[in-house]
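Shared chain: chain A. Partners: chain B in the first complex, chain C in the second.
Our next item is the complex of A and B:
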């Protein structure tokens, strides 16, 4: 054993302390640092270039006869001007419907899996399903909503679009709510039991309020995801040239408008698609920043 | 050493007081593992009873069976009979939530709720249906836990902003606010500094006028300072290699520390092991 360790390093002769790192090691270190920086640049490049392109192509249209883009309806082909007020309203409405469905279901699911069913078969199964659901392609969520809402109601509608989005929002909300519930120390739960609180009293008055920052984060993340989805809306919410008069009618959304107008052979429509893209990215970034500030206010 | 299950019942004979809790031949299991074996032990009213013994001897497990906190662990099972006011606590008709309203608990680590100091106390009272003057109850409970002077100007602040010792006294205030008859304390001072510990111990002397206290402690000096009765628990290995805890001796605190009847108790209290 000792003979081996003797041979690992050369003996340091007195007076040979040299502050210079051998050039091979130094260059290798520089190379690796360069590589890491290069990767970072490559990673930021797509976002940077997207934002640059959006600003370059969308900004001018957005502020050309402001605020008509935000107040007017999409123009017919070969007509100048117009806007996408109906699509902004439509995106907000479909996302709201999605949130109204997925928030209660998602939060209560998380409460079951963490608070009451911790580790049992059912909650493990729910976990597994949540993971699968979060990997389901969004167009499949659209097909699902088409099957259960559009076919039964007989037409495309804002409700169908909201249901499709709720399927995509659900796993995000469940997962963040679960994270929030897990962050609460088990001592607090024992304390609740110790003072004679029922499960409902404990969860409703102490556990859930302490989880709120996480739930708010999950909700905003889910909204950001849903606001940008196109595929599940194509055959659920469809599109509408006008303001939808009820939730049972097809409704315009920003993402579908971008899809339709970007491939239209008209310059005005293409410009509107750029402007809409800028609006939707700005919306998602605002929501993401909002979720950051909400997470910062953690209780534990 | 003889098998403890065949050893004569080491408790009860010495007690001639009002009994509030009885423990008859209680064994506690986690799955197939037996954590506590054949305990007989009676808790007298308005006294402080300390459970001492080395780690893993089942004293906390036994404490938690008095307010059915072990119910939270799915694999835990209690055999034998635990009665409170002559009612079998493990009768299927008994609601564990109701048990915990009568038998409060203070935990090892201070665990105030993420609410204001005021709400920490008001919440417990409210869930138990308290309808009286809440301000008065909060003040009375904080005074009872010797915390009023330090917190009267900041009742709206979060309970989590207090120091560890203050948090633990807040938890005691929260427990006495629901007016239980018995307070279980699971190593309440193990996370506290010596000065905070002293304050909590002083508090226990006052609290026993109104409550019965059962305290689990690793600290033998603490047991000798606060307890009227002391139970010494020890752990022993079975043939299979797993360990179980059992009650070695239960008597007046002076007897346990000055004239123990069992050699294991003598060895433990004199610091020869544990």
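Our next item is the complex of A and C:
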């Protein structure tokens, strides 16, 4: 290394470098700065427009008939008013089912890959599978749930929707739980061994409680993703004009309601789609911001 | 029981046996975690198998010719997926053409100190939040805002350059170009966020060295910073491509589901996921089986892209 840099220094004749910044170099800088500022403006326009239109179209409908939007059922075509109470309930239920499936599987998997098998063949394989799983298009998760739940149970149901969502939530939960477990210093584990705790006792009473903020972050991020997913619910949860009476029935969700009402040719339904979109985006943003404050708090 | 009797009766073996339940719980816990870890792999195989088993009749009948046939005729039971496959790839590539330069430009802007950090951090945060906006909302925005907004401009382009195949049809309200634009906007946050991370992780010594040699800010960026962050940027582009290929809702709402391959960008087209979303409800028999075959094609396509992205990004992490 040293000899190399010595040679470089010797090769440089005095005056090799322009000490003066020529106007050409200055203009290049100005041009590029202008270009990236242009990029920012062009990128902000559509993204800002989405937020603006959501607020404009969504808020007007939400304020216009304030409580009824949240308490009434979706209107049939050409009927005024109505709301999406059943869709809000349905989104919560399907996401909850997804979380109930993916949380235990995801957390236990992360415990294996970090606590028991860190770096071994199986945990490397699991890491690969997690990455592949996170790249699976959401519509394929829907087809999977259709194949294993809808075809065996014989009808569309909230459960099938939850299964489809759990496939999409799993990689997010595994990743954040792994991060949390990794953040625990090895001294803690050595201490646990020192006081004679078994693996289970150590994980259950010390390590898992310490990773709770991370797991909560993962869960909220996964819920935020699941709440907005439409494609996996199209042929699993389907839609329901009314409140679903059991988990084995088709159930309405906000995202499918937005899809159905946005492509419908009726003004009232379009307006409701905007209102529902505002509700779901607000929900997701709140949850995402919340999840940040959770990881900001460090235990160790 | 007095202390004495315990001390008297408990041999070492007995006291160790007292912990057997604890050990059992420990062992069961270990094997449960192993089972769950294996379950992740099983789920992946299960997804593939469940797609394969339903797609099997179509695979057996059409074989590989399915990928090159353009007919989709439920009445005569003849199915082919060429329009969908080309639509998927073309829409994703056009989306990348718009999103990559724009996204990298914004990432460079957000990784430099053009703005005071009080403004910059919230701006980067907003960009990340936009990645969480559901695709159905982007699709709806496309229908009600973007298409009406760009239609007059596209009409002008068609009037002036209609002789050019890409612009040869009058712009329809459901079309390839608008879909690709919405896809580009959707994948923009992904590209910006990951590219910015990899630009920020370039070692500050490199920048100091370049400044020390007398390079200006932009010479440093173009010749040093961006090239050393390149693998991260390429990784972000691949991940974005994976997302664009599999994206369903925006395409289903905007592309128009035409089964014809048109050279014109302003004509309706179709993508794999849009086709599945639109036809699945009323499909049965061989048609449903063909839709699952399509899903398999999509799965392989995204798998290849994502694994490539994975390899590139992991190389980047090693360099880091």
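We take it that the second predicted complex is superposed on the first by the 253 of 300 C-alpha atoms of A that agree within 3 Å, B and C clash if a C-alpha of one lies under 4 Å from a C-alpha of the other, contacts with A are read in each partner's own complex, and residues count from 1 in each chain.
Keep in mind that, in the parts below, contacts are C-beta pairs under 8 Å (C-beta built on N, C-alpha and C of every residue); 3 or more make two chains touch, one makes a residue touch a chain.
What you see is a predicted model, and the numbers here were worked out from it, not measured in a lab.
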Original post:
Which of the two partners, first being chain B and second being chain C, lies in contact with A:210: first, second, both, or neither?
Top reply: first
Original post:
More residues of chain A in touch with chain C or with chain B?
Top reply: C
**OP:** For A:174, select first, second, both or neither according to whether it touches chain B, chain C, the two together, or no partner.
**Re:** second
**OP:** Classify the contacts of A:153 with the two partner chains as first (chain B alone), second (chain C alone), both, or neither.
**Re:** neither
Original post:
Who does A:136 touch here: chain B (first), chain C (second), both, or neither?
Top reply: second
Original post:
If you stack the two complexes on chain A, which partner ends up touching A:195: first (chain B), second (chain C), both, or neither?
Top reply: first
**OP:** Quick one: classify A:187 as touching chain B (first), chain C (second), both or neither.
**Re:** first
**OP:** Please identify the positions on chain A that touch both chain B and chain C, taking each partner from its own complex.
**Re:** 198, 201
Original post:
Can you list the chain C residues touching chain A in their complex?
Top reply: 22-23, 25-26, 29-30, 32-34, 36-41, 43-44, 46-47, 50-51, 53-54, 101-103, 105-106, 108-109, 114, 127, 129-130, 132-141, 143-146, 185, 188-189, 192, 213-214, 216-219, 221-222, 239, 242, 245-249, 252-253, 273, 276-277, 280-281, 292, 295, 298-299, 302-303, 305-307, 309-310
**OP:** Note which residues of chain A are touching chain C in the complex, please.
**Re:** 17-19, 21, 25-26, 28-29, 32-33, 35-40, 42-43, 46-47, 49-50, 53-54, 57, 104-105, 108-109, 111-113, 115-117, 122-123, 125-126, 128-133, 135-141, 143-144, 147-148, 167, 170, 174, 198-201, 203-204, 224-225, 227-231, 234-235, 255, 258-259, 262-263, 270, 273-274, 277, 280-281, 284-285, 288-289
**OP:** Write out the stretch or stretches of chain A touching chain B in their complex.
**Re:** 185, 187-198, 201, 205-206, 209-210, 299-300
Subject >> Touching residues (chain side chain B, partner chain A) in the complex >> reply: 67, 69, 72, 97-98, 100-101, 104-107, 109, 111-115, 123-124, 127-128, 160, 171, 174-175, 178
